[in-house]
Structure formats: structure tokens, C-alpha cells
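The following block contains the structure, expressed as C-alpha cells.
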Amino acid sequence: MLELQGLTKSFGDQRAVDAISLMVREGEIVALLGPSGCGKTTTLRMIAGFEAPSAGMVRLDGRDVTAQRPNQRGVGLVFQDYALFPHMTVAQNIDYGMRQQRVPQAERAERRAALMRLVRLEGLHARRPAQLSGGQQQRVALARALAVRPRLLLLDEPLSNLDARLREALRGELRDILRAAGTTALVVTHAQDEAMALADRIVVMNRGRIEQADTPEALYREPATRFVAEFIGRSLWFSGALLAGDPRRFRTVEGIELVVTGDATAPCGVSIRPEHVRLGARPSDVNRLPATVERVAFFGAERHYGLRLAGGRAIELVLSAAITDRPQPGQALMLCIDPADCRLTAEDQRG
Amino acid sequence: MTAGAPRSWGLVAPALLLLVVGLVCPLVYLARESLHPFVDGRALPTGWTVTNYAELLRPAYAFYFFDTLRFGLVVSALALALGTPLAWIAARTARSALRRAILGLLIGLLFTNLVARLYAILVTYGTTGPFSGFARLFGLSAASPGFAAILVGIGLLHFVLPVAALTLIGTFQNLNPRLEEAASSLGAPRWRVALGILLPLAAPGLISAFLITFAMCISNFVVPLLLGRGVVLFTTNLMYVRITEIANYPSGAAIGIIMLVLVFAIVYGLSALARRLLPGEATS
Amino acid sequence: MRLALLADDAAVWSSRLLAVAVVLFLVVPIAICVVLSFDARDYLGGFPPTAWSLRWYRAFFDNPSYLDGLVVSLKLAVLATLIAVIAGTAAALFLARSRFPGRAALETVFLMPKFIPTVVIGFSLLGFTAAVGIRDAFTRLLIGHAVIVLPFTIRAALASLVGIRPSLVEAAVSLGASERRALLDIVVPLARTGIAAGAVMAFVLSFDEVAVSLFLSDPFTQTLPVVLIAEMRANLNLTIAAVSASFLVLTGTVLLLLDRTLGLDRVIGQGIYRT
């Protein structure tokens, strides 16, 4: 129900958003994920109507709303700083949008009560924002935006103003609320774990462009570019080139030869998820990498190992602290990786 | 809110109208009046001349300008020096009751009618007042015309000290206390910290306070009027006298224009100069 | 080393002493004036008074020219403040939300009256209003006072407005409010500290204004400070002391109101006394 076609925004000769095209289905929760400066917030603001695009189109339910004022689009917005009206109570905040829509008193009270139940804020309607905790403020902001029954809900870094513990706890709750409300939602975030916890689909953005848009699992298992491989989850990246004439053999810049899977157009590299690296190799294993343990750090449930491969490359592995036969600093060992886990992935384009 | 050209010029119209009617047009009128000749005790509505300005270059009149500027400089320097200790305490004290008391006092003084305060000064330092002996510290008697200059100084100080102190409080509040702590932890005694760290950082604010105070002093009218005993006259009083006693409107207008230019030049010119010489924090 | 520490302490204590001295310097004359206003004697005698009386207050309230002056001053202050607050707040709303090349220059233009000596404003208005046919003294006074206090109302409102996060207005708009609604519902209420501080400052400034009032008053319309000055130049009688002391009550009330409603700390933050 949301469609972006070639949406572009330039500031001077800087392209903050570069011809983005995207479709979001009714009821979907989509995350715009990327590092700061990648254009995700600008895209959000263009959808809301607070920023006019330099080119391209925004369509809601099939209608072109690109030229429409923000107060007429029926798009709800949850701001990063919540933007709760400090001089109004929680109830008045939630009522504000309904008042603009001239919803009668009785219905307002009903909707407000239902929303406050949904976001679990019962009993707080007479408080002012300054008297609420961060998590509570965020829920008021949600309830306020949902009160006007928007056809699309936009959330700008909804959890980034909360401390780490709270963020984790509220992530699940936020998803439940969004699901229960059934509204189509677009969430902007720079935290990949947040995107994975909240969204049905993730759109990874970098430097104004969409790198890849897919479900969290597909993005993790089959990253399209180096950027996506390194941004989602951890990746061991090896630059280099395929051996001439053999699409299955790859020589890294450190001189390591790997048997790989997947296709990618050159230039490309190999992305390996660290959890696929095994300790100890049988003679029949293909990708065998001799390595030396340089340092070990204990982190409670896991240990982090700094290893050095032949050719000088340093990598880090995380292993459960519960394993009995654990490597010691200075120890030499053999690592191996299944060719299916050595994915050929496109390098990042510069510029 | 999309940035860019505003749609709501109507918002600014009333204020603009007030300024045009109440300030811009009258000043234009003033400028014109200053160029009219004053002949035989009457201002002529036609004809142009610059004699009104040329006149003011004569020593007798130039003297008034210099005297005014002199008072301004001395009183402003004194106000800064005297206001700093009080402002510092208010800015740095941990006791909010003390800060509120000082702020309350300063704002209260600002709001108290200046004429009432000048009357209080006259009564206190005058011949029958409890501080009439103050004049003898300068070798003068409280009744003598020479004492008028001291009185005007006192009056001006009463006028500008609250503003100077309040401005300084703002400046000092913007100084990061961590910097002082860092300096002391490195072994610097307090006077070194004050001179080497605080003074340079506070300089833009100090200059700003000085300029405000200076502009207030030289533009002031009531203090020399009531305390000057006819002996001390600022350019403002000169202007008033020329207009009301001699009815020489063109000359009065010329003095007015010169004062206008002078105050503007001093405030904007010097603060621009200060900004050039002291890059760093913006003036408060 | 010991010496340096002693010198340090001496510096701290002497600066504290200086601060106290300054406070006394500012407050004592006023205190003396208040005490003298209760003096029973006919003349300005030595301090302290030997006998006490309320005669000078009675003289104040019985004197028609003082009372007329008070009424004129009050009317003028209320009206000038009203005009300046409305025009000033609107102008501040405009300045706070616009971005165009001449904006900073426009702000400077609005703050200009602060830097123009009041005698100049007074005389230029006298001539101009006479030339265009505005002969009523009260109208002239009103224009003059409104112009003088305008920079303060603008400055104070602006200081409050720039502290309002743009996301608040955007939130209101995203919920369906028109820009005008958002201004009225969100911006103006949140700026009320600045607007109120500006209003108080404007009122007091108008009440205390001398030079402009001197030029623009006529024998039938005089502000209280003008009446006071005329009396002072004639003689230093103690009725003036009673008037001065009454001013203090006014000031004290204003201060108390300010502190109760806005908090003095925040009034300072409005920058009304700054450039």
C-alpha cells in the first residue's frame, strides 16, 4: 500500500537519497536499516511529507501523495525524541489527533482507553510527559500516533533513546503492539538486532541507495553485497579474485586458496560467517587453514579468540566457554570451512 | 516544517508597521531637520546646510562629547570591576537560595524606577544626608558643583551595575567549571587559573558586558539631568537644552544623529572587532 | 607555598567583601529613602528621623498631579505592553521558524530601538508626529513607549521559541493539525515563559521611561516620572520619598509575581537584558 518510485533527495550536489524504489504491503512491518547518514531518516520524512523530494514519487493506496501536506496524508509518525506535548497530560496527548479529526468525545474516550490498554499504560492518563519514564513516553507516543487510525505508521529510531536493557525488553513488546494494531509500519533504525526483532522485511540502505531488501533470514544467509554481509551479523571477509577458468576456486589477497559456492559478478570477495569455522580438520576436508592462537578473552558464556592465519591475516572467533578441549594462546591448529559456507559476494562499489 | 521562504509575512507586519511609524520615519525626519538652517533664533523649514554639524566640531561642543565618553569609559570599567565578584558568586554558588537572592536583588533594582533611585542618592549623599561626608573624601563639600561629577558617577553606577552584573552572571555560567578543576589539579594556584584560563574564556562576554554598559551610559539622560547640577552635561542633555531652551531644533537634531551613529558604531563596530580578535565562544 | 595559599585565601575573602560592599552601595540609599519617607519633620533633616509620620504618603495620594501622573503611567504601560507583546510575539514566531537570507538582518532591525538613545527617539517622534498631524499627547506617548519596549518582547519571546523542539510542531502536524493550529496549540503555550517575561519587562520599562515622556508629554498628559522630575528640580521635599518608596512596593510585587509564576532563574535565561 506504500510505493516509492525513484525517490530522490539532493542537498546541493549531495544525494542524500538516490532513486529509491520500494513497495510495502498492507499489514507488513518493514525496517529501513543502515548506518547514520545513509538516507533512511530523510526517506522517512519524505514519506511523511516533511521533506519535499527532489525527484520521484510517493504513493499511498495507489494515490500519488508526493505533493500533499503532511497533515493530510493519514500517515502517523513516532519521533525519535517522542515529541510528546510537555504541557498536556497523557490523555490530552493521545486525544490530540482525534480532536483534529473532530472525533466526538465519547468515541475519543473509548479509543483512548483501548489504546492505553494495548500499550499497557492504564492509570497514567493524568500524568505529564515529564513524569514518565523513557519506556512509558515511547508508549504514549505510539498510542498517540495510533489513535488517528493511520493507514501507515512511521517510526524513527523508536528504541534508540532507551538504555540497552530496556531496549531489549521493549523490542518484543513493540512488535506485539504493532501486530495487534495491524497497521502497516515502517521502522527506521541503525541497530540490526532491532530490525531483525521487529520487521518482516528489512531494507538495507547505504549512502542513499538500497543495498538489499529481503527477510532477515534471507539477508543473513545470502547477502548480496559486502556491505550487507558485514552489516547484518558478523562476517569474515576475504578480498581477492577467482582463479582464471575455475568458478569454484578463489585466491584471497593473503594467498589462501578457498573452494567457494555462489555466483557474483566481479569484483567479488568471499563472506564467511564465523560460526561456520570449525576447529580441527579431517584429511578429507577441502578448505583447511592453518592458524595460530594469539590471544583469548573470557566473556562469561563465551570466549573470544584472536587467531592469525598463514599469510598474516588476523580473524576473531567466538566459541562457547563450555567446550572442554579449548585452544591456548600460542597453540597452532587447523581450521576448516565447508565450501557451502564460503559465499561469493559482490564487493562494495565505491562512490 | 519545510524550511525555506516563509508563507506567513502577516505575522511580522504589525511589528514592522510599528517600527516604520515609530522609528524609521521619525529618524528620517530627524535627519532632514538636522540639515535645516537655524537663523535669527528660528528654524527654517527649507534650505539645506551642514552648519549644524560643523558647529559641533568646535571645542566647546566637542568637549561635551568627550566628557560623555569619558564618563562612559570610567563608569563601565568600574561597573565591570565591581560587578564581577557579585556575579561570580551568583554564578558559582551551590546554594540556590543565595543565587536567587542575588538575582532577585539585581532584577528588583532593574525594575525600580531610576528617578526614585536618583532621588535616594541625592538625599543620601546630599548636604543633609547621612553620607554627606562622602564628598570630603575627595576634598569637596557636598554642596559644591565639583561634587556633581562624583554624584553623576554614582548615579550611573546605580543605573548600570545591575545590568552589568546580570550579563556577567550569564557569561560566568557558561564557563565550564571542569576547566578550573583541571587547571587546579595540574597545580595552578587560583589567581593563575583566573588570569590564564578564565579571563581569556570570559573575554568575549566581558567585552559584551562592557559595550552594553558603555552604550547605556553615554545614552543616558536622567542621571546628568538630576544629579549633574547643571555642571555635568552629557550630549543627551545638550540636545535637550538646545531644543527646549533655545528652540534650535536643527542643532538638536544634528546632535541626535551624531549620537545615533556614535552608539551604533561603538556597539557594532567594537563587537565586530572583538569577534575578529578573539575567536572562540560567541559573545553572550 | 604557604604564602601563595594565604594570598589565594585573601583574594577570595576580599572579593567576597567587595561583593557585599557593592550590594550595600546599591541598597543603602534606597533604604535611607524609605526610612525618610516616614519622617514627621517639615524639612529634609538629618538622619535618622526623630519623629515618624505618614504625612508624606497622604501628601502623595492627595496630590492631583501625582495621581494623574500615576494614572497616565499605568494606562500607558498597560497599552504599550499589550501592543508590544502582540506585535513582538508574532514577529518572534516569524523569526523563529524562517530561514531566508535576510533573516538575521531583520532580527537586528527589530532590536535596533534598544541602541538608540531615548532622547533621540523622543525628539524625532515629536517632530514627526507634529509634521503628520498626530497631536494627541497620549497617542504620541503610546507610539514612543511601544517602540522602546518592542525589542524586549521580541527578544524574550524568541528566546523561549528557539528552545521548542521542531519535532513537537511536526508531531502536531502529523496528527492532522494545520500549521496555524500547531502554532496556537503547541508553540504559544510553550513559549509563555518568554512571552510573560517580556511583558513584565515591557511594563516596567514603560513605567520608568523618562526621556521620551519628557518630550512627548504636554501639560495635561504627563507620566509619573515626568511629574517627579519637575518636583525634584523645584525642591527635594519628602513627598517624593513617599512616591519612591511606593515604587518599591510595586517592584517588589512584580518580582514576587515573576518568581512565583516563572522562577527568577528562567527570567535570566530569557536574555531580556542582553544585547
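Per-chain residue numbering starts at 1, and chain names A, B and C are given in the order in which the chains are listed.
Methods note: a residue touches a chain if its C-beta (ideal position, glycine included) is under 8 Å from a C-beta of that chain, and two chains touch if they have at least 3 such contacts.
Keep in mind that this is a model prediction, so the values were computed, not measured.
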item	value
Centroid-based (C-alpha) most distant chain relative to chain A	B
Most central chain, judged by mean C-alpha position against the global CA mean	C
CA centroid of chain B to CA centroid of chain C, Å	16
Centroid spacing, where centroids are CA-atom means, of chain A and chain C in whole angstrom	56
Length of the line joining the C-alpha centres of chain A and chain B, rounded to whole Å	59
Multi-chain contact sites of chain A, meaning residues that touch two or more partners	50
Contacts with two or more other chains, residues of chain C listed in rising order	170, 173
Chain B, residues touching no fewer than two other chains	1
In the complex, chain C residues that touch chain B	4-5, 7-8, 11-12, 15-16, 18-19, 22-23, 25-30, 32-33, 36, 44-47, 83-84, 86-88, 90-91, 93-95, 97-100, 106, 109-110, 112-113, 115-121, 123-125, 127-129, 131, 143-144, 146-147, 150, 154, 166, 169-170, 173, 179, 204, 207-208, 210-211, 214, 225, 228-229, 232-233, 236, 240-241, 243-244, 247-248, 251-252, 254-255, 258-259, 264-265, 267-268, 271, 273-275
Chain B residues touching chain C - in the complex, by the definition given at the top	1, 3-6, 8-9, 11-12, 14-19, 21-23, 25-27, 29-30, 33, 82-86, 88-89, 99-100, 103-105, 107-117, 119-126, 128-130, 157-158, 161-163, 166-167, 169-170, 189-191, 208, 211-212, 215, 218-219, 221-222, 225-226, 236, 239-240, 243, 249, 252-253, 256-257, 259-260, 263-264, 267, 271, 283-284
Chain C-facing residues of chain A, complex	48, 50, 69-72, 75-77, 79-81, 83-87, 96-97, 100-101, 144-145, 148
Chain C - residues contacting chain A, complex	165, 167-168, 170-178, 181, 185-186, 189-190
